[in-house]
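Some structures to go through are shown next.
In the two complexes below, chain A is the common chain; its partner is chain B in one and chain C in the other.
Showing the complex of A and B:
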């Protein structure tokens, strides 16, 4: 029950993109086409889950026993950067189709603040290892949901007659605002 | 004399011409998240500016020592070190602000503005120019955050930094402190900046055309 609550909270009620503003760059940059939005969401979910496990282990088995908590930011970003590199090489070796689908999005994920934010939330909320994993999957699902919704709307928006100064990022932000408003309707759910 | 002009330009371009938020659209996450009030915007802007200047200076100083294959990783370590300094100082000195900004202080490390300036400017230019460039970008970021934070705070609470601006009869727009308010305000501000840029461009074009016609008329 506890795990389910964490999942729903991360995916819908406290959506990473629309409520916590984590991962806005890919949300605006890669939400032009449905297919790429979906791939980006999947790649991010994958890295989020692995990063959640690895940073948890690093923090509780390495940083805490040696009282090095102040190194958390440096340690996490290094772990995430090398992890992304490692995942990229691994996928390339194991599955070529998957690599072609996710390939170009993987390096972008290093600077996606959703990954780093999730690792920090895991520590500040004192989640256990399994709660961390569920939280990561939920956050990734929420990120994918927001990205795919946005891409669907933007594909339609291509056909609309948007005033010139509003084209591109401004109108995307306005649509994101309306989406965020819709998502805040879930606030009373838990 | 010429050197002064370029130095001034290094600093000034970040504030308006290449403003990191409104023109380059970098570092959106902290921009949207922390601008619930003007003071949060200022704090976040100052923290980011500090990291920007220190990291740019450091990276520019060691730019000849870093092999280009591992440069991004090296930049990230330098940036992370300064972010840790800011994070710890804020926790020690300004606990309230540190709590309000939450995870977004440590998240400066993945702010694309910092890494972007390191890669695009500091890795190619001398320390002095890199510092000016970083300071300009930092001030541009700070101003954008301050404007966004002020608009949201005024409309949501009728006051800014403790001073009441709007009359009692004004009903506060609660939506402005919600995430939706951040997206909508930034979208509209960005459209305003675009509109202004287009209007200016059009004006210069009209001006140029007028000059051209006049010169044609005088020669004829």
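Showing the complex of A and C:
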């Protein structure tokens, strides 16, 4: 029950993109096409989950015993950057089709603040290892949901007669605001 | 000094070293043998990863070029320079002939096209004219003469000629297509410079209206299509040229009463004209 609550909270009620405004860069940048939005969401979910596990281990088995909690931000940046590099190499070796499908999105995730945010949330909320994994999957699901919703809307927007100065990013930001307002309706659920 | 200080350095340094070693090992163990050309090609790419080529980033484009799925000049950001470098890496001739320019496909200027009884007197912008009353000309398909394309061009490659029609300066034109997008009548198309034969009319009117509205309109007689051997098809009273199949030698340009189909100005081959004349006589 606890895990389910964490999952739903991360995916919908406290959606990373639409409630915490983390990962706005890929949210605006990669939401042009439905298919690429979906693969970006999947890739991010994948990296989120692994990063959650590794940062948890680093924090509780390395930083905490030596009372070096203040190093968490620097250490997490190091961990996430190396991890994404490693995952990229691994996928390239193991599955070429998957590597091509993820393409440019995988290295882009290195600098995605949603990953960093998740690692820090894990610590401040004192989640256990398994809670952290569920939290990461939920956050990734929520990120994918936001991205796919946005991509669907933007594909329709292509056909709409948007005033010239509003085309492209401005109207996207407006739509993102309306989406975030809609998602704030979930706020009372948990 | 505080022992935490040294501990922090040791742990961060250790973590860094550990990850560096792990990545180095992984690089050796997990290296995928690939064509060394791909690395060379991706080196000369602009590296913006903008996706304007239609592939997911510069690296993906490099892979596609090396595998022969994409053309050397497929990178719009790098332009001619990058195209040349990629071509020399692949040992191919850079196809500079594939440069794109804008072509104006309407010849109905103020002299040729019939004007309305009551001329348009509003703002001289094509988009406004198209919405309000369709401009001063009777023809619903031709150039409005408001100069939206000239305004849209960022390279000063267009100007309004004396006859109220835009003129493209080929040397300045980059084929970006901004003018084509700005034209509400869609009379501007982007074509490679080596295409010489066009239908210089967009009118879908029948023969009667077309010939009464404009002296250089395509009246939809279809003689060019019948003689073309399949490279020209009539769609809605207007010939559509399949430029890949087109053989200009079989098109009876002199049979076109209004001269709507023909070569670009100054591009007609001089030698073929007397030959055609002898065949007819």
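By definition in this document, the second predicted complex is superposed on the first by the 190 of 190 C-alpha atoms of A that agree within 3 Å, B and C clash if a C-alpha of one lies under 4 Å from a C-alpha of the other, contacts with A are read in each partner's own complex, and residues count from 1 in each chain.
Here is the rule we use: a contact is a pair of C-beta atoms (placed from the backbone, for glycine too) under 8 Å apart; a residue touches a chain by one contact, two chains touch by 3 or more.
Computed from a predicted model, the values in this text were never measured in an experiment.
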* Identify the partner contact of A:184: answer first if only chain B is touched, second if only chain C is, both if each is, neither if none is. => first
* Asked: Of the partners chain B and chain C, which touch A:62 in the superposed model: first, second, both, neither?
  -> second
* For A:170, select first, second, both or neither according to whether it touches chain B, chain C, the two together, or no partner. => first
* Asked: Is A:71 touching the first partner chain B, the second partner chain C, both, or neither of them?
  -> both
* More residues of chain A in touch with chain C or with chain B? -> B
* Quick one: classify A:92 as touching chain B (first), chain C (second), both or neither. => second
* Report for A:148: first if it touches chain B alone, second if chain C alone, otherwise both or neither. => neither
* Asked: Which parts of chain A are in contact with chain B and also with chain C?
  -> 71, 74, 78
* To do: Would you mind writing out the residues of chain C in touch with chain A in their complex?
  => 4, 7-8, 11-12, 15-16, 19-20, 22-23, 26-27, 30-32, 49, 51, 56-57, 59-60
* Asked: So in the complex, which bits of chain B are touching chain A?
  -> 25-26, 28-30, 32-33, 72-73, 76-77, 80-81, 83-84, 87-88, 103, 106-107, 109-112, 115, 175, 178-184, 186-188, 190-192, 194-195, 198
* To do: Sort out for me which residues of chain A touch chain B in the complex.
  => 18-25, 28, 70-74, 77-78, 81, 110-113, 115-117, 120-121, 124, 163-166, 169-174, 176-178, 180-181, 184
* Complex interface listing, chain A residues touching chain C -> 36, 58, 62-63, 66-68, 71, 74-75, 78-79, 82, 85-86, 89-90, 92-93, 96, 100, 103-105
